[in-house]
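Have a look at the structure below before the remarks.
First chain written, first letter: the chains are A, B and C, and each begins at residue 1.
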Amino acid sequence: MRDFLELAVSAAASGCVYGLVALAYLLIMRPTGIVNFAVGEWAMLGAFGAYVASSVVQLPYAAGVAAVLLAMVAAGWLTERIAVRPLVERGAPVLAPILALLGMLVVFRESISLMFSPDPYPVPYAFGFGRLELGPLAGSYQSFFIIAVSLVVFAATWLFFERTLAGKCFEAVALNRRAAALMGINLARVTTLSFAAGAAVAGLAGVVAGANISAHYLMGVPLAIQGFTALVVGGVGRVEGALLGGLLLAFAEQLTIRYAPIPAGYAQGVPFLLLMLFLLLRPTGLLSARERSG
Amino acid sequence: MKAAARWAGTALVLSAVAFLLSPYYNDVYRKLLLWITLALSYNFLFGVCGQIAFSHFTFYGIGAYAVVILIFQLGLPLPVAIVAGTALCALVALAAAIPSTRLEGFYLGLATLALAQLFIVVLNEGGTLTGGTGGLANYRLPKVFGFELSGPRYTVVIVLLLIGTFALLARLDHSWFGRACRAVRDNPEAAAAMGVNVARTKVIAFAVTSALAGAAGMVYAFVDNTVNPPIFGLENAFLLLFMVIVGGAGRHAGAVAGAVFLFLLPFVLSPLIGHHHVLVFGVLMVAAIVLQPRGLIGIYDELRRRIA
Amino acid sequence: MSSGAVLLEVRSLTKRFGGLTAVSRLDFDLREGEILGIIGPNGAGKSTTFNLIAGACAADAGEIRFAGQSVLGLPPHRIAARGIMRTFQHNRPFGGMPVLENVLVGAHTRFRSSLWRLVAGGGTAEEERQRRRAEELVDFVGLGGLHGADVGTLSFGQGRLLEIARGLAGEPRLMLFDEPAAGLTPGELERLAEIVRGIAARGIAVLLIEHDMRFLLPLAQRVVVLNFGAKIAEGTPQEVRRHPAVMEAYLGDAAAL
């Protein structure tokens, strides 16, 4: 039992990271319909940003994170300007920006590999390395930090969509782009904002996860797959689905490694298997998008 | 008959080249021919039929591993192994295609991406059967009718594979089937109204092109006389997509141009930027989609029009 | 005028969307070589009727028989194979193919060579034959000279003509037109009416869903009027024009009649 609770905390932390990546997808997919597979590279950029902020510039942790998030907003804006805006303006099919973003994925990854050696780079812990016991739950400081940060981000996103006018604009665009445009919502601005917000959330995932896995130029694609799996498992339409999917995926992975009588290497296959099964059998995910009236 | 003569002539010329090249350039030439072969079949799936899949190298890998395992671990004779390997590829392709071609747009891409990654996990964990992360090596192509196929003579086998793939795809393309594929790509609802069975068309296109990738994989198995997991991973699947898009998706000439261009580019670039040519691939991919969606072949068309 | 055998029989056709009955117990017949128009105010169920016949949506009750056999619930591609071809109200060309290739897609169900034959290099004679037929059809609708044109360069009216040629390539016994007059100039309307008459003269049954009565009434031999999903009148254009229920349904829109 003790063993399980220890595992539960670390699984919940990984689940929150997957959830954040899933949220980054979601923020962009909802209003634009674009699956941005480069979110994993954004997380990679975030992790490298945290390394540079702490080890090169030697900023305090909070200032470093703030600087990284600002840089990520810029990166998201730039990504949209280069690989999305010209295509949307031309009226290209939605697959065109998706493919262009695959190109951007390679550009991000290879730019980092050009600037850094292929070694892992250390990313700082928020509160150093230590162990916290909360009643029966025990885990590293960083695990609890990841869970807390993710809950705040998810709560804020949820409130944004449910309680603010700007959030409703995103919703309206998600439901019907043409009607939203007729209502005077600036589609181009919503698209830009969604990329900026997606990049910030993905970058944050990279910053907090990087402490455990270090920054490496190849870390993006696995995170992109895990995040998308979380999204598909939880349900593509909903903010809370992204978190739920992330948690389920992380628990499935960790329980497989810990308890399933198969070679540990096969546990790497869990997200792929889940992704395939959900896409084929239940493409709406566990929580389907809420029915909305007219 | 005229078409047959043209194919035969092309095969002859491409084969003759192999006998003029040094062993090193023969190896480069073989890889180039294989990339062109794969780009042609992938173009039919992605460019002609509009299905985005990342499993092309998975089927290439299934073909390669299957033929090696069947011959050297199960002791089957080469012809039997080739037939069984092709059947296996077609079967796996059908099993993958029937459920997954229902997925719209990029979701097919993600499902096949998961399949591709799963394949790598299985290869890495396959123990002595697949050789794990090191793959299988130290085997040689058995004699074919008492004839040893090595050096430039094996390059001829690859030329025949390329010409066979090209001829088959060209025939399909210039028929009701090719038109049905393009119709499904351009407007599935209108295609159905014209009598095209959309689901069946997608499944056939996926299965045929995947089986062609499998056949190419069987030929590849004896190029380096080793098969190992990274060759069949996502990196090459992305590169194949980039080749087809940069060359000009939907046209055979585009696939050939893209494969030749992106394959040869690193040889030109390596003195300048070392092994960072992949960055250039990414930039070219974005530039092609944003600035020139018809790819290299579109630029060529434009130039020809201006000169004429 | 319409002396051909009955080709299409629609009986008690019903379709509901939630609580709304879009088509309610609809009956009508259509003969070979006949031009039948279905009219009605917005939301009368015209489009739903069209989609039910074309197989684009499934009926809740009733029967559709074509050439004596039920086609109810068949998917669109099987309906096309039976000999029912259609046009789309908002033109839906295959953008990546030139005009002639678009028309050849319409002939899809007419090809007999198997995939194996194609791979073996066969089927070229059939391909040539269909290509010549497609060329004739392109000329018939008045797009001669545009065989190799990129469909993106066609005007809206030319696109509508392409839709018709593409449908005819399937050698239909019944041709369905979804609001064919929408968006056309007066000159194009005249040309369209001529083409529709030419199609019927070949013995092909024609069913038009139409909003524009100034176009439809002179063209159709018989008219079915729908309102709120139900048939409120049926007859020759002259009879329908004077029908009290029709006058009532179109009240306030009298100019349209």
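Note that a residue touches a chain if its C-beta (ideal position, glycine included) is under 8 Å from a C-beta of that chain, and two chains touch if they have at least 3 such contacts.
Predicted model, so just to flag it, every value in this text is computed and none were measured.
Connectivity of the assembly in the absence of chain B: the other chains, held in place, form the touching groups A | C. For chain B, the chain whose average C-alpha position is most distant is C. The chain occupying the central position, as judged from C-alpha centroids, is B.
Remark: chain A and chain C have CA centroids separated by 49 Å (rounded to whole angstrom).
Chain centres here are Cα means. That of chain A falls 32 Å from that of chain B. Chain geometry summary: the mean Cα position of chain B and that of chain C are 42 Å apart. Residues of chain A that touch chain B in their complex: 35, 82-83, 86-87, 92, 94-96, 98-100, 102-107, 109-111, 113-114, 221, 225, 228-229, 232, 263, 265-266, 268-269, 271-273, 275-276, 279-280, 283.
By the touch criterion given at the top, residues 52, 99-100, 102-103, 105-107, 110-111, 113-115, 117-118, 121-122, 124-125, 234, 238, 241-242, 245, 276, 278-279, 281-286, 289-290, 293 of chain B touch chain A in their complex.
Within the complex, the chain C residues that touch chain B are 54, 56, 75-77, 80-81, 85-86, 88, 92-97, 101, 104-109, 111, 113, 115, 118-119, 121, 123, 127, 166-167, 170.
Contact residues on chain B toward chain C in their complex (touch as defined above): 3-4, 168, 171-172, 174-177, 179-180, 182-183, 185-187, 189-198, 204, 250.
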